[in-house]
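Chain naming follows the written order as A, B, C and D, and within any one chain the residues start at number 1.
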Amino acid sequence: MTADTMSARLDWYRTMVRIRIFEDKVQELFMAGQIQGTTHLCQGQEAVSVGAIAAMRPGDVQTNTYRGHGEALALGMDPEVAFAELMGRSKGGSGGVGGSMHLIDFSKGNIGANAIVGAGLPIAVGAAVAFQMQGKPNVALSFFGDGATNIGTFHEALNMAAVWAAPVVFIITNNLYGEYSPLRTTTPIDDLARRADPYGFPGIVVDGQDIEAVHAATTEAVERARAGKGPSLLEMKTYRYRGHSRSDPAKYRPDGELEAWKARDPIEILAKALIAAGDLGPNDPVEIRNETQAEIDQAAERAATSPFPTLEETRPYVYAD
Amino acid sequence: MTADTMSARLDWYRTMVRIRIFEDKVQELFMAGQIQGTTHLCQGQEAVSVGAIAAMRPGDVQTNTYRGHGEALALGMDPEVAFAELMGRSKGGSGGVGGSMHLIDFSKGNIGANAIVGAGLPIAVGAAVAFQMQGKPNVALSFFGDGATNIGTFHEALNMAAVWAAPVVFIITNNLYGEYSPLRTTTPIDDLARRADPYGFPGIVVDGQDIEAVHAATTEAVERARAGKGPSLLEMKTYRYRGHSRSDPAKYRPDGELEAWKARDPIEILAKALIAAGDLGPNDPVEIRNETQAEIDQAAERAATSPFPTLEETRPYVYAD
Amino acid sequence: MSTLTDAAPAGASGAVTDLTYREAINAALDDAMAADSSVLLMGEDVAADGGVFKTNIGLVEKYGLARVRNTPICENGFIGVALGMSLVGMRPIVEIMFADFLPTAGDAIVNQLPKYRYMSGGQTAVPVTIRAVGGATGRFGTQHSATGESWFMHLPGLRVVTASSPGSAYALLRAAINDQNPTLFYEHKGLYARKGPVVRGVAAHIGAAAVLRAGSDVTIVATLLMVERALAAAEKLAADGIAAEVIDLRWLRPLDLPAVRASVEKTGRLVIVEEQVHAAGWGATIISELTIGGIRWASPPRRLSLPDDLPIPYTPTLEDEVLPSVEAIVATARVSVGR
Amino acid sequence: MSTLTDAAPAGASGAVTDLTYREAINAALDDAMAADSSVLLMGEDVAADGGVFKTNIGLVEKYGLARVRNTPICENGFIGVALGMSLVGMRPIVEIMFADFLPTAGDAIVNQLPKYRYMSGGQTAVPVTIRAVGGATGRFGTQHSATGESWFMHLPGLRVVTASSPGSAYALLRAAINDQNPTLFYEHKGLYARKGPVVRGVAAHIGAAAVLRAGSDVTIVATLLMVERALAAAEKLAADGIAAEVIDLRWLRPLDLPAVRASVEKTGRLVIVEEQVHAAGWGATIISELTIGGIRWASPPRRLSLPDDLPIPYTPTLEDEVLPSVEAIVATARVSVGR
């Protein structure tokens, strides 16, 4: 492994840990009432966000969902800015008016976190077609869930992307549930990658717990798009450790399912690989965890010191001139 | 061929001829201003309407589109009632408020002719699921075009039908164009039957000019649904002889395409078969044509004698009590 | 067809119980499904753990997964499915988790449900009820907080109704389910925990607003969450000797103009309290129709609405700030009566 | 960004030509695409044979299939695509063949376009223009005849504009395309053949209504096809010595209340002429806001609208009957002025 790829993997590791601890902190702050409304956490899915986004290059963009904290942090959003947004403070990425479902940062290619299932897909296709028209070498990614593959925009977006050979990569974060519904109760097939076939472009099943696999598959799809060969659909098989949102206890999950998935924790898997390769010392994981915990705790504290915006402050967010 | 199936085929033949002449008459009346607004004619597609509907049994229902005159007549709507509707007269199937895009007759299982592309599919699924819940042995068919396979409701309807194993048959009348757009400019594949795969039920390509093939494929799908085995998607390859609507000259069609399709005219194909089998005499086609022409001309004349409805007359059509 | 009528209520008829708004909706669903086997409930996770807002507790156990049917995520599609069911003898109730998702089903709601009977020349009825959960105060942000109550009130063929209390939620939902026409039934997510008396087995009259408090000085018209704020304001105003008449509008289509007119003819003053932008809403419609009708305003009508040019913010402080408050209602009513 | 401004108009600037409404829209599209390579037109069959209503003649030949882009049939999807394009430097114009199809794209129009900038805290502009072809008189039946003009006027973040003549169609469409915010631009299919003067290269002011005829006795406010009927009525009224002021409202969001108020303060009388149901429309909004504002009505405002409880029929005789006619406007204005 080259020093480069090694440091890249160490970055991946640190980022996954950051996301994990960030999300745990969000849950804590939500229970404490410092974050209100709702939260949709992504513990367990970190390899998908980090591995796929590592395949992006400057100028590339992506859209994600209300469960988008992983993508936002993987794209480099400052945890303090993210916490501030979740707390509704001025310092938040959207000035505090967006909240947990809308961590957005255009400067980092995060052009949308949508609270409407399926709405992000056509937007990503639009950005991709624009790049094509502008002669730019850029690509758009769209992250969405398994449940989103049942809504019309999924079909409409994939069809348009195919017709226009748009440089877009559709990434299904298949965590086996749409809210409280197991995939199979709302979807007649198991492998959602199959849903690429009617559009004539590749659909690939990927082990979403293995960041190496996620990164390799996404890189191939991204470079394919960049080369003008059109879209791809990637199905990342993964799992969300927590309930769907807020304080959902996820009673609908069969006994042992959570444990089975935790046995293949994406952070652990990469740690093992890095340790085996000698790129990570046996105590590094604990140290990194502690450092990150401190970083996250401080970020949350600083965020809480930011004031709530005034209505006047938010008026310019409505119309541009 | 049994006497039964023979007389059935003669009925098919007469019905196809009736549809053809009805549509020609509609064009004539539209040009004369007796029918206003718009018309979407189906000359060339008669085998799809007649062959598929011949597979229905009492209690079965179907939804179709603004291009639904073929289905309406195949289901037995009186041409006079149909003309009256197209002319906006009281005697029309919808009392004259619907017009050309809405030939509807619940008493004959024609529960919808929709002017919104794709809207009829979920409605058919709903009827099918209702039959399932009611323990009825009935089936719902849904007729729609190739262009409709690109809108969200297509995907949503097929997915729900699969999840609930609904007794529904989706019938694509693939006439190669969506309005002025050739299929390939809006759709990335040639065989739309392939679009059944992501839902895990059969998708079958059918020669839409050969009524025997249409009827066989539909019968199999209908009986499959009736047996509780779930939905099917049938792609009928056919062609519309006239433009999309009104006075569209269809300049967008390559030279010779129309002629090539007319060489496989569905009415001619059945006539040949019936004559070869001795079920139709060499002069019968001309006679049937003339009889039917007279029938249609008289129907149109009688329809024109029906008065326009008054507003009062139409108020009860809005709310039921 | 349900056997329920106002004249001869079915089930545990007439019995009065104290229920929460959530329980009242649950009871209405339960009683309607018990009274008529063609009634079913469908939507995303309606059968999972009592539904997202726990309004459906116990229903799947009682009526099974066919009649309490989880759907894939596809609002436009499954409202179309409900329409199809209604054409062949079923009476579906569709749950829309957040009213903000109604536009996702825009075609089904605008071009299909209200026009379906009409396009057929009256050949069919369309007994579909859509339960939409709307409203702010939940910190759900700009895509999950609209009441959406006036979005479809202009559509001939549709009925639109809003529930402000447990009692009205029960009676209005029974009326909606029992009606032969497509009805949009709006719930407010901020009201689920409210408790109040519910008369089982009795459906409300379609199109009838309710005068919740009589008064001769000023008329206050509100819907959903704003009704309890209007009542609280009336209480305070009474303490200062101002008698406010509070009307729960309930139905937006048909709109009960006669009830509002009768009240304003008495008071000469009107304060509209609406959890929506004023433009193109029921409040503007009422003021316009009364004015066209030549009503005598003792003082110009007033309104408390959401800001004209601001979406609903997530920011907790701002979400509270943009909603009409009891204090604002009191102050506005005082200006109206001039003391 | 287009270089076009009111101050320094681009292109064949200031040149006045007589064009049909159809040609004026074509000219606006052409001039906007010529002035700014980031402008594109997309929609169903926009490049086929000049488009369904022939508004796009010559554009694909000039700008190619990438900038005059035929789409599959999926309104919600391709408006979402336009939104995505606008986030990375393009200025898409989306053609919606019939305004009735706008609800098919309900989510994109209600939850995405108007809220996208807001949800991001102002990080982006959303320069998307949607051209929607609406209106009756075409005998297209109940699913193809709505103007839909007021459906989205309550949405903060959106702009809504209507074109009643070739001149305004050109100037307003240029303004819409040039604006940084999502704008719904309504055309009326009954106006395409109308001819009138067009000033090339000049965009209209956003939010400004137009007083088309001055008068002191009664104010008539209309949009789209109703504007020419209002003008014809004013002509007849003038013959009887009644001076009607005719206002083409043009913008529904932002709504030019000051312009209407100024006129009604002068005339004291108002007749709304709208090709829509009155409930939840711009007419009701205007009457409500003026009344709230305490305007002095010399006589109650009046309205000519579509029937409250009837969809638009295909029936040619009935379609004509339900639309406000010149005669009805004249009669209503006479009642208003009392002679």
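The rule is short, and it goes like this: contacts are C-beta pairs under 8 Å (C-beta built on N, C-alpha and C of every residue); 3 or more make two chains touch, one makes a residue touch a chain.
This is a predicted model, so every value here is computed, not measured.
Q: What chains do chain B and chain C have as common neighbours?
A: Where chain B and chain C share a partner, that partner set is A, D.
Q: Tell me which chain's centre, taken as the mean of its C-alpha atoms, is farthest from chain C.
A: B
Q: If you average the CA atoms of chain C and of chain D, how many Å lie between those two points?
A: Inter-chain centre distance comes to 31 Å.
Q: Centre to centre, by mean C-alpha position, how many angstrom separate chain B and chain D?
A: That gives a centre separation of 37 Å.
Q: Using mean CA coordinates as chain centres, what's the chain A-chain B distance in Å?
A: 46
Q: Note the residues in chain D that touch 2 or more other chains, in rising order.
A: Answer for chain D, listing residues that touch two or more other chains: 71-72, 74, 76-77, 100-101, 104, 107, 111, 118-119, 141-143, 156-157, 307, 309-311.
Q: Could you say which residues in chain A touch two or more other chains, in rising order?
A: Those would be 96-98, 102, 114-116, 150-153, 155-156, 159, 163, 185-187, 314, 318-319.
Q: Could you draw the chains as nodes, link the ones that touch, and say if you get a line, ring, star, complete or other?
A: Its topology is that of a complete graph.
Q: In their shared complex, at which residues does chain C touch chain A?
A: 44-45, 48-49, 52, 70-74, 76-77, 100-101, 104, 138-144, 307, 309-311, 313-318, 321-322
Q: Which of the residues in chain B come into contact with chain A in the complex?
A: Going through chain B, the ones touching chain A are 150-156, 159, 162-163, 185-189, 194-195, 197-201.
Q: Under the definition above, what is the set of chain B residues touching chain D in their complex?
A: So the residues of chain B touching chain D come out as 36-38, 88, 96-102, 114-118, 147-148, 150-152, 178-181, 185-187, 251-252, 308-309, 311, 314-315, 318-319.
Q: What does chain A use to touch chain D in their complex?
A: Against chain D, the touching part of chain A is residues 61, 63, 92-98, 102, 104-107, 111-116, 119, 121-134, 140, 152-153, 155-157, 159-160, 163, 314, 316-321.
Q: Under the definition above, what is the set of chain C residues touching chain B in their complex?
A: Per the touch definition, chain C meets chain B at residues 40, 66-67, 71-72, 74, 76-90, 92, 107-108, 111-112, 116-126, 156-157, 180-181.
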